[in-house]
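Two complexes, one shared chain (chain A), two partners (chain B, chain C).
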Partner chain A sequence: MKKSWMLGGLLLTSAVLGTAVEVQFYDESLPITLNPLFATTMVDNRAHELYFDRLYYNNPTDNSLTSRLIDESQTKIEDAGKSLRLTIKDGINWHNGKKFTANDICFTIDAMLNVRTPSPIAHYYREHLASCTVEKSNVAKVTFKRVYHNPRERLKFFVLPKSEFSSTAVQPDTEFANQPVGTGPMKGRMGTLAARFEAHTKTSHHSPKIGAMKMSQAQDPAVQISTLRNGAMHGIVSVPPIYRPELQTESEVQLRSYDLRSWWFIALNTTSGPLASKEVRQALNYSLDRSELREKSIGFDKNDKESPCEFISGPFVQSSAYYNHEVPPVEFTDKRKAEALLNAAGLEKNGLWFHEGKPVALRIGMDAKLGKEATDLLTQIANQLSEAGFTTRISKISSDDWNRKAITGQLTKEYDMLIGKWSFGINEDVNDLFQTRSETKFQGRHNIFNYSNPEVDSTLVEYEKARTTDGAKNAYHKLHSQLADDLPYLFLWKLDTKSAWRAEVKDITISPYYYFTDINRWYVSKSK
Partner chain B sequence: MKYWWIQPSARALVAVALPLLVPALITALIWSLPGNPAEIICPPSICTGGEELAARWHLDQGPWAFYGHWMSSALQLDFGDSWRVLTGRPVIELMAQTIPNTLILIGFALIPITVGSVLGAFQQPSKRWDSVLVFLSVLPVVVLALLAAAIVELNFAGSGDDGLGYWVRMMAAALTLGIADGALSGSILGNRSMFEQENQQRYVGISILRGESNFSNTLPNLAGALVGQYRSRIVQLLSGAVIVEVIVRVDGFGALLWRGTLMQDFGVVLAAATVFACLSSGLLFFQALVEVLQNLHQRRAPKLTLESTEVVR
Partner chain C sequence: MMYGLVSSSLLFGWLGGLGCTGTSSNSEEVKEPTQAALLPQEDLERLWVFKAADAEWRGTFEGNPGWTSLFNRDYEGALSGASGSGDVRMQSEFASIYRQATQMHSHATNHIYDTDRQEEDGNDTLYLRGVARTILADYEGANSDFTVVEDEKLKGMSLQWKSVLEGKGWTTEHVLEGNFVNVPPLTSSAKAKFRPESVPHFTINTTVEGVTAGVTDGTELWVRSRWHEAMAREMATQSGMDPRWVDVFMAPWVVPMEKAYAKEQSSSILKSLKDQPLDEAWLFLSRNLVPEDALFLYELQFSEQPVEVLNTWSTTSVLAKILSGCILEGVLDVPKVLDAAGKLELEVLEGMKVSQGKEEPFYPLFADFAEQSVLIAGVMVAEKLGQREDSGRLRLNARDLALQNSKDALFLTSFAAWDVENRYPLRAQDMVHKYSGDFPAFKVAGHPLGTLQIRLGRSAGVPGAAN
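Then we have the complex of A and B:
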């Protein structure tokens, strides 16, 4: 209470003096880099959304694809759909005062197309983009490798300033990575303890009402919650589920949904011993009691009407247009079905399940950072599988190893099962997760256990070739049922992410994935 | 005592070797890890250009070339740029930013330790306080640091980087460091018992008979041991500073080393660990010097004449 008065006093003083309040918030960690070509974490993406503008983005209010940089009324499709002629809006300036031009757009594309730019993000765009030419200082022509039904969807990258780089072979370890120059609503730099942001007002396309922001690294969740409640901080980007009930009753704090479209899974090594058999994978699916898992690891309350967690049966969240509602999720253990499937796969039970005379031993790994949201999930899963008759060996995988090895398919020899989470923006393209890995064709880049199924591959091609939204939807519905049957993943659930902000912070719109897309509207008010 | 010079010489040798050995060990570690650090940013299966990055970081020509290049640059105070902690920022800048905070922290933490040492030398406080001192000695640094962090974070989370928040954070961290893991009680009890034992030596009794004070006689003899003890306390504080800075969120050198290690930023780790090694070397040199001076002082002490020994008899 005392702190609230202090904060109120601070706000009042600020109003009288005419200075803006610095909005301070906790994020999971500090950004690793402020150069968007080298983003590896969600924190990076959120920070980049403040410092930079994406060429196109989805409006968080109505989902429409729009741009702050491009005058859409003058955009033209050329070369039978293979090129887009983009005209830049007037009056856009970089943080350093220089004018934003078509050179900057083409520089960004050229940097991504340069194979000497060591960026996985650039690698992704190389699959779609062919070239960019500057036609006038405010007109750029972007050419794609093929015709897309939604070409602008392929242009949602952050734009870099040409003037800040000496070559299109952009390197990650330059000063730009901690003191970037963008066109975004905020400018600033990163420090060792916090990232700071200051409003960028000398431009026509942004007018943030918040003067300054500070992103600090999250502390212990209980300390974060107390700090927020007593007014020493304004916001927390991600509140763990077990702390939400106490904030829900707090009048000075508002809980807001952050739609990350994230779903949790257990990837199965389809090339490893008994897991190569579809029946065994299906049996594992029936051996898990997801209901108990979510109760014990997330603190799910059966009476909670606004459950933060909903089960899924395929690689999409239930609210997605791609989710196939005809495939029901498996909620409880079904021992009878599991045993029948294991017997059918040729396994024998003698206390434990045996495969070719040896007990089935499952090496299970989990992305360590998931433990913050679902405490003990790894142990609970191992317990359930042990109960079902499997020997288990568990270990947590550091975030670095997860990004470097797990999702790039380099842990196939070390693990049989990997527990992880995928997060998506509006574009829920899952092709990279299930397509047969091919480095030359840029396919299956995130295929964890190098799963390969020709039927699934052809469905993914169907999606790629779809020229209409319905075509894409039908392909992914089919993919959903194929994966629910073949089970390269055991699909677990979608877990809501909730943010908490002080009531003084008004007009908060949290956009999916990038979070701060609509920061221009946010403001701090004296009244709660 | 003919070979009194061996110990200080050995210390001086170790002091010279440490700053060369530490980066060599870290270089060996980099090469013993699977893959190379450039692959963290650019995993080969989903990225191209990793070779260029490896070359940029001098990782492409083997450990000797890397070590040689790093050492020659470090001698010119060029520690390169941070690879991941604050990507692109010169490591020397990061060190210049964080070292003062660590020095302030260690400086403040040394206050209770120094006061404790002086009290101990004068046989204070009395032994009935020993139970309190023993209790203080069992408080682990992690527990105290967590307590300090919670208090500071709850009250000064928003203003922790400057002004009052900064100083409260520093004081809490220094107090933690100066008390935890037996730092304070060790200095009191250690000095007290050391001087107590020395006071029982025959020469002290003689000096008292000559009308001199205990302290002026015992101090020169204990100088080497005292400096050694102080050196180990500072080294202990330096290692404790890593824990305290991380938990209490002090923007110090220890926290920088920790972040560098966690993020596999070998640019930062190499420089920070080498600076730690240099600090340790400096302290070793100082101890060796004091030992040399002490021995020289003892050797130039006047020899007792025949008459004076007969008086004593």
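Then we have the complex of A and C:
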């Protein structure tokens, strides 16, 4: 029966085990780095929220902008609005016991301003921040490049400890990335099989009720669900949709929404053989039966009004203001159109499709962690393309390779198609995904196959330089339409994320995007 | 039988779950040390969710296309299929939902042209902000906006709001007309519908030469809501129902500009209705478990002493009784509310089984309404006590714990409006998108949400995509 744990739960509402229990959970993969300046994955972002504090953050419930580090009653706006004078709260310590000071805030800002810190995240902050001065050990003055009406909103970065770095030119591959020192609610290190966390209590600003946590890499979905059910694990960050209906009726597990905008895609190598032709890419678009893919890999139920999965025709979720509803998603295979396009592109069919006398062979890779959310997606896509007359070779790409190679444009020689997903919070800027790559300008950093289209580039600049909100929206509507035509990606669907936590883990609030912002409140009760 | 139309996936999903968890674990849990029941048996038997186990009681609603659609959360079908007292209820639901959509639109508009104002925003925006501020009961702010509007057409459009400003609030004497909606006549037919309107409603000038911005006017949502309210009152009269029950139903969802007037009316309404029987159409599939819950929540909206109201009603209102037990030193304790809500669900479920001597697969679907009712009433109490963050925690729990059939569009719209008030438009956009088929005019509210999302996103100063 549903939620029958409540009966026992009431008996021991206040019985908190605290340090006696290690809360274990599955995340999609292990973090790539524990240095928040180099976060690229949502797993990184979630882990960093445990190890570090952001200078300012939004309350996950009422969205109020707040800080665990700064005494807001003493914050002063100076220099006609260009500077903020920040006073640190008393008694804040780093995980290593050292006192948190203004030096740490200024070190973090200096590191981000240092162009020799190869951090894309820092690049964003360079647009807003001008300098930081230590006025007293507990007072830092942050100066912005211009007056902002919401200056604190520009200070949502994770703070790093000055004592752990020898230079403000912070590098990604240091020991700090495995064994960080933060001020966050949890301290710990990353192992090869798990990331471990231990409550940071020797400080005034955190008092987590959970003593220890362990983040493990997601296993086969059936194994995840079974270990959650039998109590060997406490939570799963991302529950495959196919398992959600049955978990919703479980007495010992609760499903929780994780507010995140995620959409799935197949990136196409626009420089590889026949895929260089737009017609061929369009033909591939019509060769996929997304409806069948969704049914088989996501477990889509046509009667479910609350379906977590919705087709998209461009790089935004349908509820976004950027989504261009005039571009319809392609839901079913259209063989006739596909064949006409392939013929127009000069391909010939003789059982299989041939390009310049050779059968078209598609090398398809997929971010391995996606297979845990959408069972057999890779195989299903390959099957559909085979049925359409292409030979295929499939492989799963480890999270590490995906992050280090795929999204940095280093798999262009190995693959023709890469299946992945992107997640967004309030900022749905997609310029990095489609802009012509330029390391010096920090452009196109996530351009998977180094796609380059001058018209698209010009639209992206239009977005960037838009002086009005409608201007930005219209630019992205145009982009949507251009991409749906040129198809550097085959857009699949948006997929809602749901977590599952055992009922004995109580007072859970899952923060949009960052997830663990409110971890101090979570506790484990003896009862279910 | 209406359950034949129940979302089959859910129904069968539940049955599947039962099979997987097995009955033995349930039995073990039943054997746990018992504790005093949350509700005595006589109270339990008063709840509509408990009565829903009884085929005879249920028979009043079964087979009716309106109720069947509402159970399946097909609001469009629920409205068009409703009849008699069910029609009054559905018109009231729609009126309240559009009230909350109006509020959502107002908060978004106010943020766009106030906290998140940008260089592009010219004088024309003051009309929109003026409307928003009027609805949000910031009469001085609205007046100073309207006073300086330059565009003649917008000035004209603002005139009808002036009387609301002068009277410091809305009363039934005011008649506000939309410029873009086609208001159907108030006929006895519940099938009268609004014609779809195109969005954006009109364009305004920006400070960038030659560049305009598309906008929507919240007045249209208000007009729509008022039409459904008028329909509800008309249908109530035709059904022999006291139309003041519409006031009771809508009180938690009215917008700030009408709160003062609603409060003024409340004591006489409460006095008159206290001893009147409540048509069960107000209870079935609703957030009120017994008739007194409706009156308790009604009084709560207008009281400055919420704890006192809780105590006063705790002898008759089940929700007041449960929530008064969750108050610790004048503060609503969220974990206690969560536990109480879950426990009530369980007690209802067990009670249904015992009373009928059998177990039906739809019992849990009804029992879930009990949990939702406690959580949603808890949200209202937390807000009245000034516990805004706690109300948010309860809102999140209500959203997450609801089953498909107990997902309440009115509550979710109010949650969305609350989120937007907090300058967080993403969840609201998702909700508006999800329900756009049921409530076509949600696109009017969705428009400023989109503008807010874009402004917040572009000024967030944080990277976009992560994988």
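Annotations for the structure displayed:
One rule holds in what follows: the second predicted complex is superposed on the first by the 288 of 528 C-alpha atoms of A that agree within 3 Å, B and C clash if a C-alpha of one lies under 4 Å from a C-alpha of the other, contacts with A are read in each partner's own complex, and residues count from 1 in each chain.
The rule is short, and it goes like this: contacts are C-beta pairs under 8 Å (C-beta built on N, C-alpha and C of every residue); 3 or more make two chains touch, one makes a residue touch a chain.
Everything numeric in this text was worked out from a predicted model, so none of it was measured.
In the superposition on chain A, contact is made by A:G409 with chain B only, not with chain C. After overlaying the two complexes on the shared chain, residue contacts for A:T468 are found with chain C alone; chain B is out of touch. Touch criterion not met for A:K278: it reaches neither chain B nor chain C. Contact with chain B, but none with chain C, is seen for A:T174 once the two complexes are overlaid on the shared chain.
After overlaying the two complexes on the shared chain, residue contacts for A:S216 are found with chain B alone; chain C is out of touch. Using the contact criterion defined above for the overlaid structures, shared-chain residue A:R85 touches neither chain B nor chain C, since it reaches no partner.
Of the two partners chain B and chain C, it is C that touches the larger number of chain A residues. Of the two partner chains placed by the overlay, chain B and chain C both lie in contact with A:P120. Of the two partner chains placed by superposition, A:K337 touches none, neither chain B nor chain C. Taken together, the two complexes place residues 40, 120, 403, 446 of chain A in contact with chain B and also with chain C. Taken in their complex, chain C has these residues touching chain A: 7-10, 13-14, 16-18, 20-21, 25-26, 29, 32-33, 35, 73-74, 115-120, 206, 208, 211-214, 334-336, 338-340, 342-343, 345-346, 349, 364, 367-368, 371, 388-389, 392-393, 396, 399-401, 403-404, 407, 419, 422-424, 426-427, 429-430, 432-434, 449-451, 453-467.
Across the complex, chain B meets chain A through its residues 35, 38-43, 45-50, 52-53, 56-57, 81-89, 94, 97-98, 149-150, 153-158, 160-161, 249, 251, 255-256, 259, 263-264.
Interface residues of chain A facing chain B in the complex, by the touch rule stated above, are 22, 24, 32-35, 38, 40, 114-120, 122-123, 169, 171-178, 190-194, 216-217, 219-220, 223, 226-227, 230, 232-233, 400, 403-405, 408-410, 437, 439, 445-446.
Interface of chain A with chain C (complex): residues 1-11, 13, 39-42, 44-45, 58-59, 61-64, 120-121, 124-125, 127-128, 148-150, 153-154, 156, 245-246, 248-251, 254-257, 259, 261, 301, 303-306, 318-322, 367, 402-403, 407, 420-433, 446, 467-473, 506-507, 509, 512.
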